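Would you mind keeping the following structure in view while I ask a few things?
A, B, C and D are the chain letters, set down in written order, and residue numbers restart from 1 in every chain.
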Amino acid sequence: MGEASSSGQVQRSHQPGSALPVAILGPTGYTGLELIEIILRHPMLRVAYLGSAREKQPRIDVEFPRLAGRLKGAGGEIAPMCEPLDHDAIARRCALAFLCLPHEAAMEHTPKLLDRGVKVVDLSAAYRIKDQATYEKAYGHHHTDAKNLEHAVYGLTEVARAQVKTARLCANPGCYPTAAGLSLLPLLKAGVIEPDGIIVNAASGVSGAGREPKPNTTLVEAGENYSAYGIGVHRHQPEINQTLHMHGDGPGLAPMGKHEALFVPHLLPIERGILETIYATPTSGKVDTARVMEVLTHAYAGEPFVMVRAESPTLHDVQRTNAVHINARVVSGRVVVVAAIDNLVKGASGQAVQNANVMLGLPEVMGLA
Amino acid sequence: MGEASSSGQVQRSHQPGSALPVAILGPTGYTGLELIEIILRHPMLRVAYLGSAREKQPRIDVEFPRLAGRLKGAGGEIAPMCEPLDHDAIARRCALAFLCLPHEAAMEHTPKLLDRGVKVVDLSAAYRIKDQATYEKAYGHHHTDAKNLEHAVYGLTEVARAQVKTARLCANPGCYPTAAGLSLLPLLKAGVIEPDGIIVNAASGVSGAGREPKPNTTLVEAGENYSAYGIGVHRHQPEINQTLHMHGDGPGLAPMGKHEALFVPHLLPIERGILETIYATPTSGKVDTARVMEVLTHAYAGEPFVMVRAESPTLHDVQRTNAVHINARVVSGRVVVVAAIDNLVKGASGQAVQNANVMLGLPEVMGLA
Amino acid sequence: MGEASSSGQVQRSHQPGSALPVAILGPTGYTGLELIEIILRHPMLRVAYLGSAREKQPRIDVEFPRLAGRLKGAGGEIAPMCEPLDHDAIARRCALAFLCLPHEAAMEHTPKLLDRGVKVVDLSAAYRIKDQATYEKAYGHHHTDAKNLEHAVYGLTEVARAQVKTARLCANPGCYPTAAGLSLLPLLKAGVIEPDGIIVNAASGVSGAGREPKPNTTLVEAGENYSAYGIGVHRHQPEINQTLHMHGDGPGLAPMGKHEALFVPHLLPIERGILETIYATPTSGKVDTARVMEVLTHAYAGEPFVMVRAESPTLHDVQRTNAVHINARVVSGRVVVVAAIDNLVKGASGQAVQNANVMLGLPEVMGLA
Amino acid sequence: MGEASSSGQVQRSHQPGSALPVAILGPTGYTGLELIEIILRHPMLRVAYLGSAREKQPRIDVEFPRLAGRLKGAGGEIAPMCEPLDHDAIARRCALAFLCLPHEAAMEHTPKLLDRGVKVVDLSAAYRIKDQATYEKAYGHHHTDAKNLEHAVYGLTEVARAQVKTARLCANPGCYPTAAGLSLLPLLKAGVIEPDGIIVNAASGVSGAGREPKPNTTLVEAGENYSAYGIGVHRHQPEINQTLHMHGDGPGLAPMGKHEALFVPHLLPIERGILETIYATPTSGKVDTARVMEVLTHAYAGEPFVMVRAESPTLHDVQRTNAVHINARVVSGRVVVVAAIDNLVKGASGQAVQNANVMLGLPEVMGLA
């Protein structure tokens, strides 16, 4: 998984006022709030633009009262009023924009921002799937920006660090694919598991469904409950399968294979967190727990956010951190990997800041420790 | 609180097929589901009509999959398809109708059902407030059925049993007023607490807000959260104050007094249950814990659903039962009463069945034990 | 899965006082409470003995205040005081005993009860595993009652109904194996899935861990959390594998096979409910969703408690019922079965009453509808 | 409420390695974990000593796996192994110690640390109650360090800032008293509420009960539940009443009055957060909502952590922040104040760091923004 170069070291001495200005477009959802809270602690980023598509511009500390009195951050102060999505104004004030917009809106605004020299970290799915037809089938709408899709970098940071460094457009990975990709890629590359027959049994907190109320996300319906959904047809299934073919900082993405991993997500009665219990077939009888742990430990040596652990992790171990905790073992003839992340942090806004740090030449862990 | 006459005794021997047919109008909300589940266990009631105002009639075991395979009840089987609100058909088939409709719809359908000889237990607020102007101010719409409002009986069963017995229209009490009324009325009647300065600090599960998703009832917003709402302006405040003037099976409701009790509800991050912590001023320094407990114990001796307890109750003690658990004490110069109910049972559908039992001449506890 | 013969029909007319007396030994745990609440609604069973091993005998409605005032059941009244475990007294008063005791205690008391002619439904694991060595390895203690182990009937009712009917000792199945067995057995028998490579990915509410507080079961630790545990080494793994070899009401249990199913349980942040997401390999490319659904639908036609559904179930669909909801499909080349039960009902006390009904010649669904 | 002087301004430029070394004694409880997580983000504090009384010294990132890989903080790195409580070693390495120990242990270690020149912020209740007899009655044990009790400063920072500045021993306030004191003191001082008849109806998350499992804190018992406890007899009742007599940075604490506020806490089914709904009598009919809000707004102008809000707060508004959100109104003749804090942050570890910042001459908000 390469080297986190200088990123293991937090560079803390800097000049006040020197923080880099960034925009958050679509800040009124859960990933927007999470980005704001992360950046308030980031000594070298400053939110200089909150852009909303709403008719009536919201005030962010009214939208989220927990921000009241807390908009003075380490990198500078955030003006609470949201503004319209004015590309010129954004370009004048910001070096980079985080897009927390719906997929279609992301495809509309991204080219205009890139044309004006603004780097983009897109938290929607718009630029994640390289194959346009696959994207359109999964998401049910036309892809309107094939041009930028081509050079977009899929920002699974630990795998694609060198590419992210030079990216102008970073497609921030989906929450489920982040955990699946980081768990499985080293094992696939080391040849200890078969690419065939992989099962990604996953469970996520309700924040993954967004802030909009839905009949199945009320406390009465989702609380004290648990269920599978989108069995084998979830939009993250093709993204996971694409991720399993990443070559990392090598020659780029390999063509989609015929070995489809099966993805079965479940809805947990909690706010946040994803736990994936992944089943794979060892390539030989010699692959044991020691071997799979060795592969993972070696792959993530020096990685600041990936903890390879001897015990199976819980969601409490990773909530509100950018960490990925991974455990693996061989039991009853199968490899079982358990990986935990916070879907709003490493699965969204945390990884987005990690990618922005890399794109802007800042220490990778800055603001995320 | 009178005598539960024969109600302490469950009459269980009866002829198969002899169950009384009832209708549930508006069965797709939480009180509808709760009614169905209660009546499925009731040996002498049978749901003979599920009436919905929806354009496309729902099938109740699709609407609530937990009913699948469970529609064969103790009193007979329920046909799963809902039907339109046809008053003649209801009258042909049912002796009594439970209305789980919006307030305005309840005022529309109640007179037509009463005219056709169908008894009504209305779970909406339409007939609860005797003073029409107070109702209209609290609910923000015109009361369209003043005629029936006059003779409607407010069905706080333990207090108004004799009136409920002869009622054709029973206004089933609100959840919060049920707990407040049962807690305070014996103390007020015994003269041990002042009518002035009562504070009803209450907390309810989210099911009290209904089944419709709302921005503040999603698991992400309501979970791991707690807040006060409608402080002093909640619709149940006038109902509570009216309830505190009930004379029970005496001469009827007294005129509203000037001593307004203050009601402050809170939203709990749970599905169901109401706990009220009630503060009142003792009428003299001689009123101590022993005295208030004695008043309550005496008032509820023989009542099957009211437990006066030496310890403060928890919601687990009453959830999914028709019980009210009450504890009282005098501390730091104030009377503190803690009362717990299940808002969907004693606070809605359970008390509705209790009232229907009384109205139909069945043992009061039948189906509720 | 045989015929539920007369069990689809609730026999309701009976003589008051004619209910059969049963004992609950170890009633102060969650399965004990659940049994009491079920039997209170059962018209033909009456709890005539609450037996506790505690030094100081508890009063059951103090132990569980939610029982206060609710001990008058459909089949008769329960005396609230627990009594010592006196086998003679139990035999004098009861036809059958439900054992909610620790495994070792179950092995101690069962022979003494059987010797005195009391039928036993044992909710512990003591008599579930036919192979004594397997039991002893899984549970870490010696099996002290091999004699009765031999004739004990594993009470997965839908599969072993005829055997249960004549059983004197019924080993009530574990919660996880109940859902796994009912899901997989028809598919295995119909030859549509391979016996090799089965994965049972399961999740359970915290009540499965018992009532004793543990460091990982506090609300702070278990709430808003989720984790895998006992991966491949859980005690239910051998029980599941034994269950997958049941021949039902045929010639008895087949010898344990070499095809070990892998069982991976998870801890859900809820009180109750088990959802199992089960992965298996279809035996041929012709096995599709229609075929697996047909097999299940046919197997459970007429079964009152097993619902084969077109949609994947949620835990809300089954909580506080004795139902099993099963959905199956073929996707990405694998059979995916999702099954839901309430671990305290069909996974424990509900199935125990179902078995007791069969053993006592009562309608199988009585008290459980 | 004074001036937060330079504290509104985060001083960020500093030399690496210049962070002040502090000790955390008793770091394996919830306040210990919270302190560690706060200090990891604090640019000028560094945990140089983790002191545990356990026989076998725990490794903090094994005790709390969420700390794995996260011990490199803004102020420096934390050595993961805990050490014995060696006062000399602590004095050699640390300028200040946070005590997260039991009350008795705090009284044992505090004098020894003070004698060695180590400043102490004590998170136990040992030094909170000025009147020794009151303390001993509430806590049931002898106070063994009357000498230091005398000069200990009760660290309700906003009220006692000047005293905290020169304190060597700071008694960090209890969670409930923090919210009650900050809500009521300005209203009492402004003379808009009567000191008599105050009711503090409060609700707290389960983390307030500590990390030790208890029968009533398991997820099964505490989840989906709510109850009052310690009605009028909770240990925080005398602390609240003492707090209501604070003169702030004036001449010191006034003698305890005869006007006892009544405190009624409740247990919420959540991890963290305290909401207090406080009832008081206005001193005249002229005291209206505008007046009480004006008093609070004026009192807390410029205070970085106290938000006086027009709406009633929710716990989500304050969880994981050091903020206090306060709303007040006059309704039905009573003043109703609603205040929210995070019991582990402003109610414990956050306020402890706030006090330490003041005691060490650092900006008051440092590490807490």
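In the analysis below, a contact is a pair of C-beta atoms (placed from the backbone, for glycine too) under 8 Å apart; a residue touches a chain by one contact, two chains touch by 3 or more.
Predicted model, so just to flag it, every value in this text is computed and none were measured.
Farthest from subunit B in terms of Cα centroid separation is A. More C-beta pairs in contact connect the chains of B-D than those of the other pair, out of B-D and A-B. Put simply, the C-alpha centre of subunit B and that of subunit C have 36 angstrom between them. A separation of 42 Å divides the Cα centre of subunit B from that of subunit D. As a whole-number value, the distance joining the C-alpha centres of subunit A and subunit B reads 48 Å. Contact with two or more other chains is made by residues 223-224, 269-271, 313-314, 316, 319 of subunit C. For subunit B in complex with subunit C, the touching residues are 8, 10, 12-16, 40-41, 43, 65-66, 68-70, 72-74, 224, 304-305, 307, 309, 311, 313-314, 316-321, 323, 325, 369.
Contact residues on subunit C toward subunit D in their complex (touch as defined above): 30, 205-207, 211, 213-215, 217-220, 222-224, 269-271. Residue ranges of subunit A in contact with subunit C, taken from their complex: 197, 199, 201, 203, 221, 223-229, 231-233, 260-262, 264, 266, 268-273, 275, 277, 279, 312-316, 319, 329, 331-334, 336, 338, 340.
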